[in-house]
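Two complexes follow with subunit A in common, the first pairing it with subunit B and the second with subunit C.
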Partner chain A sequence: MERRASEPTEQDGVSSRPASGRRRPDSMKPMIADSTQRVATAARSGWRSFLAPGIALVAPAVLTFGAFLVLPLVSVFLISTLHWSGYRLGDWTFVGADNFARMFANAVFWKAFANTVVFTVTTTLILNVVGFGLALLIASRVRGHVIARSVLFIPVLMSPVIIGLMWSRILDAFGAVNQVISIFNPLAQPILFLGSGDLALPSIIVATVWQYAGYDMLLYYAGLQRLPTEQLEAASLDGAGHRASIRHVILPSLYPVIGTVVLLNVIGGLRIFDIVYVMTSGGPDRASEVMATYMYQAAFKLSDMGYASAIAVGIVVISVGAALLRQRWGGLR
Partner chain B sequence: MIGRYSHPLLKWAATVALALAAVLSLTPVVWVAALSLKTGADVYSSSFIPQTLNPDNYLQAWNQFALGPLFMHSIVVTVGSVVATVVFSCLAAYGFAKVPFRGSEVLFVGILLGIMVPPAAVIIPLFVQIRAMGLYNNYLGLAAAYTAFALPVGILILRSFFSSIPRELIEAAWIDGATDLRILRSVIAPLSKAPILTVSLLTFLAAWNDFFLALVLLKDVGTYTIPVGISQFIGQYSTPYELVAAGALIATAPVVVIYLLLHSQFERGVTEGAVRG
Partner chain C sequence: MERSTRAVPPPRFQRLAGLLFASVLVGACSAGSPSSAPASGAESTSPTAATSASAGSSSAPSGASATVEMWSWNNEGAYPDVHKDAQSRFETANPGLTINRTYIAYGDYMTKLKTALAAGSGPCIAQIPWAGEFRDLVNSGQLMPLTDAVKTGFPTFFDPIVKAVTFNKDMWAIPLDVNTLQIAYNKTLFDTLGLAIPKTQSELQTIVDKLKTNGKFGIAVGNKDQWSGGDLFFAQVAYADGTNTMLSKADAGQIQWDDPVFLKAADAVAAMVKSGVFAPGANSMAAFVGNQDLFVAQKAGMMYPVGNFVTAGITAKVGNSFEWGLFPFPPPDGSTAAPVATGGIAEMFVVTKACATPDKAIEFLRYLTNDDGGKALVANDFIPSWNYPVPSDKSALYKNMVEAQSTAMSRVIYTTKVYTALLNSMQGVMEGTKTGQDLIDSLVAAAK
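== the complex of A and B ==
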């Protein structure tokens, strides 16, 4: 063993590499050379760096991401210029901007667009106010705040499908809400929340707020943990009251957090699909139709792939708009 | 300042407000739990509390909705996407953080932009493409889609952690003759358990709860994952309410159990994923 280990050094000196690939103390020198060379290669730019090991490392992620996210994102723009049922590749006709013209002329699209905006704005406002209030309560460490935090956070982890299913039961003719109403007025007709054009979307908003209040709470709570303690102490030494501290110290240092949470809620609101699909399927009579449910119906129920892709392009444009706003207003780093 | 109330009455009011919020948050779940224990005749009564407890509903729901197979399918797809996301993110994050190459910064920023892409925006071409690849109605196709959507946040979280690992540690391993894979496995991964757990939990949540992609990319009832399978309950108006309630609670149980076991990691993960994402 000892003889074999020293063999290469005796014969070839430092240029020898162990054929077995085993780690050997006597091959230290060439390895140091290798390492230095690698660092140099990595830092150097030029065609040779395309062969750098970094490429191989990122390849699996880049290929998956490219094939299942980038390629479809590019294709959706192409499909939006076609009339196509989606059944056979090539069985399409190029129609230019016709799908977009149809979309903008369609009242249902505008209804879905308006509902998406109403849903997004309403949930964002309520969630931020409720979430911030809850975070303040949790941060004040009153009795039971640990349990309350968990109780409020668990709905965040649940599938929106299950939330929708539960709330459909809660809001139906024999559900909890109608039970409570019948306690106060035994003769009242049950209210069909999800069957009413005026109440369907608000019902979905309530269920969504119920699910995500704990999310905003947690994000604001994390923000509150990073408050500048010294400044707060200084403010209280200077005799600043509760309200003054909130206004002049807490709020300004929370602006980036508020920006992040608002834009997360906006992005989440623009994507809404699951809970609407489960609770109302966009009904009754499109009263709760949102862009994603409208697109799903056009694509997979009516096989109008070109038109549905035009709606999808609309979703991309709105999402990118929200993302740009987020970049502009910064975030919590 | 936050954390102290100047007046005992304020503290009392805060305690009551928080208790009220917790009760409001819990009431729907408790009501559904009560519903899940009612007998069929009792479902339409105005009473909140079941007249007789009927835990048999759970067994019946398990069988009637074929929850066993649904769980199996969800586990297969979720485990597949978590493993792929963690492995691919680790490799790529290591590449971006420690083995840069020409254009790697641009590539990284490009991947980050993927965070902003909603699934609804790409679902039509994704469906067409996955069908053309022979992956329609197939867990490989679904897991690949979940992985693609989970990679940006995974790479972002891991890259920033890997960047903080001292260069000397890696160079020492290079000098010892370790390959990149070996360094990743034996030097970096053991140091990065927390961020790897964060990425795993985020991917798990997204895959386990996803409805939209599974709805489009799976065709047969026999391949459905839990959210798609469960959404079918509501379409069947003949389905007894108490069984729907029991099924919904069974389907939620795994996430709640894992949360109770790993709650601080979960909360940190969700915060980190949101703030970075």
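== the complex of A and C ==
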């Protein structure tokens, strides 16, 4: 008979109770104790001998994690307390929390922060709605769904830099969109999607949604594939329509997927850089400045590494906060 | 018995695990070790190659053979030909010495250079932008002063150019060539519409109005990457400040940025934006991409800013479609000043303290700027940063640029915070959401 995982055995080095529940004869006690001790000793020495290969096997991962995540993270926290231009390693001054004070007092930081929040919230909402809708379409096996699934995922595989360049030309004052508009209204002034403070950030959001909708779609599609068909059939027999099925059966079943997708979108939104940098560089006049582009400018254009690190710490704190919030988010755990 | 043998891994497995661990460590260590010196005449454009090459750049011995690492971002156009020409002459005259040229994309250039210098493994010779980063680099103590070196074997550079690379009484860079920024205009279109080169800004406005009535835009400006907007401001400062000293004084903190000279310049740009002198969408077009397309497609009659760094590209794209020429941004009405271009250093090089063979690096810079170097520059339509005779067979465009250079006004702010504020605010001015006064306020705030 197969042993249950939680059931202790002698092999685990733990003394077991007799299966029958009857008391053992006293004469057996020394034998059992001796046997148990020997097994425990052997197991201990056996596991100890696994220590070296165990360490050897995890070492590459731990070293990589330490070198490329823990070390930079600790460094960023340390550098955020310094005034350092970045040109010379030893040429720094300890300023304590001064960089953070400067950051909180700077209007550009708050502008970048607000833009980051707007970008994150908007893209997360739209991506989830569009991604879920596309997943439902694909899952309903409409004609051409296999091709559609592949085509919709292609932008995800492309570099954000390429996407940014492509959308820059499409939204250019004389790009494809404005040319189409001019067909219908030849006298219309071109719409300055990227050159206008009001339209720059929304334009970047459109490009981002275009790129990543396929990603969310795939995650939702995978979730839909795991839905028990019995529940949908039962709902259907009970007279539930499409909308009721989605609301009362599909969505509750997808809560874990929704939680994961939202978290990924939020973290991706908070650290957005490349597509913004390529499409507007944060302009015009800071209209689409996000925290990552502002941090880049502080570090590599203004040579203010301490201040840039303070912004980086801000991004880390907000990202971790978002992850914790998600964990505490009631029904989505 | 069976249980105990299961608990202990076989010796072969232990050896295998140990071997795996050791090989990972060795692999990690060897990945970080410096690569061998590159082959003679090596030229690299990949960041990976740049990193590996840099690691070996300063380790060359000062004896008979050595490799001098040189970094630049100018791998477009004819600059690599000029560099290669000097390298060839240098290596022929100095057997055993090798120049390794590494080209890194401009967007990554300063990031990589800064990181390499901080790590003590920067190149011997580095191209440096004529901007705030140059002064930051000087102040960082990572550069070698070239004041004494330049006294021997170098040409006499233009005086304003020498001043531009001199801080704290030391010269820190070797200027290779200079450029001017002017307005390119469609000569064929101007002739067809009976337009002449404007002498004042009101004449410019008249030209723009006439172009518009003929379905064309005025001046195409690509200000998405911001620097073009800065140059529009500098072009107005050139007239508002007849002395050509106010920019450097304000930059040095000797006068304030709210001086009426700067406000006048900012207001002049804002007024031109309001009256539609510039083609729409400046902030959404990259310089030399969107605005060049408009000009080449003859949708805009003019384009700004244009210098020798882009003339070859425009000529190639225009082909035989139309004739085009250059003129300086015209002065405001009532100004007694003659039209002047703005300009300055195009390409310049520094020698870093990370260099193990600075004498060899400086010697190579002599080859870049000697008579043959000047010849190579002129042959490729570049303007040497010293007096060099213009061959009679050079194009009218080239002669125009050389002539404009003689009176060109400065276009640099070294204080990066102020320069960044200028560029951002100019986007606001170009969009029409900021006034000249707003721009000045942002400069004052950034200078604090």
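Basically, the second predicted complex is superposed on the first by the 277 of 333 C-alpha atoms of A that agree within 3 Å, B and C clash if a C-alpha of one lies under 4 Å from a C-alpha of the other, contacts with A are read in each partner's own complex, and residues count from 1 in each chain.
Just so we're on the same page, a contact is a pair of C-beta atoms (placed from the backbone, for glycine too) under 8 Å apart; a residue touches a chain by one contact, two chains touch by 3 or more.
The structure presented is a predicted model; accordingly, all values stated were derived computationally and were not measured.
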| item | value |
| --- | --- |
| Subunit B versus subunit C as contact partner of A:300, first or second or both or neither | both |
| First (subunit B), second (subunit C), both or neither touched by A:316 | first |
| Which superposed partner A:57 touches (first subunit B, second subunit C, both, neither) | both |
| If touched residues of subunit A are counted for subunit B and for subunit C, the larger one | B |
| First, second, both or neither for A:286, with subunit B first and subunit C second | second |
| Which superposed partner A:106 touches (first subunit B, second subunit C, both, neither) | neither |
| Contacts of A:141 with subunit B and subunit C, given as first, second, both or neither | first |
| First, second, both or neither for A:174, with subunit B first and subunit C second | both |
| First (subunit B), second (subunit C), both or neither touched by A:86 | both |
| Overlap of subunit C and subunit B interfaces on subunit A (superposed complexes) | 39, 42-43, 45-46, 49-50, 52-53, 55-57, 60, 86, 89, 168, 174, 300 |
| Subunit B residues within the subunit A interface of the complex | 1-6, 11, 14-15, 17-19, 21-22, 24-29, 31-32, 35, 43-44, 46, 48, 84, 87-89, 91-92, 94-96, 99-102, 104, 107, 111, 113-114, 116-129, 132, 144-145, 147-149, 151-152, 155, 171, 174-177, 180, 205, 208-209, 211-212, 215-216, 226-228, 230-231, 233-234, 241, 244-245, 248, 251-252, 255-256, 259-260, 263, 266-267, 270-271, 274-275, 277 |
| Of subunit C, residues touching subunit A in the complex | 3-4, 6-9, 13-14, 17-18, 20-21, 24, 28, 110-111, 114-115, 117-120, 133, 136-137, 139-142, 223-226, 279-286, 290, 293-294, 299, 416-417, 420, 424-425, 427-428, 430-431, 433-434 |
| Subunit A residues within the subunit B interface of the complex | 23, 27-28, 31-32, 34-35, 38-39, 42-43, 45-46, 49-50, 52-58, 60-62, 64-65, 67-76, 79, 86, 89, 133-134, 136-145, 147-148, 150-162, 164-170, 174, 176, 179, 182-183, 210, 213-215, 218-219, 222, 224, 227, 232-233, 235-236, 242, 245, 249-250, 260, 264, 267, 270-271, 273-274, 277-278, 291-292, 295-296, 299-300, 305, 308-309, 312-313, 315-316, 319-320, 322-323, 331-332 |
| Of subunit A, residues touching subunit C in the complex | 11, 39, 42-43, 45-47, 49-50, 52-53, 55-57, 59-60, 63, 85-89, 91, 168, 171-174, 189-190, 192-197, 280-281, 283-286, 297, 300-303 |
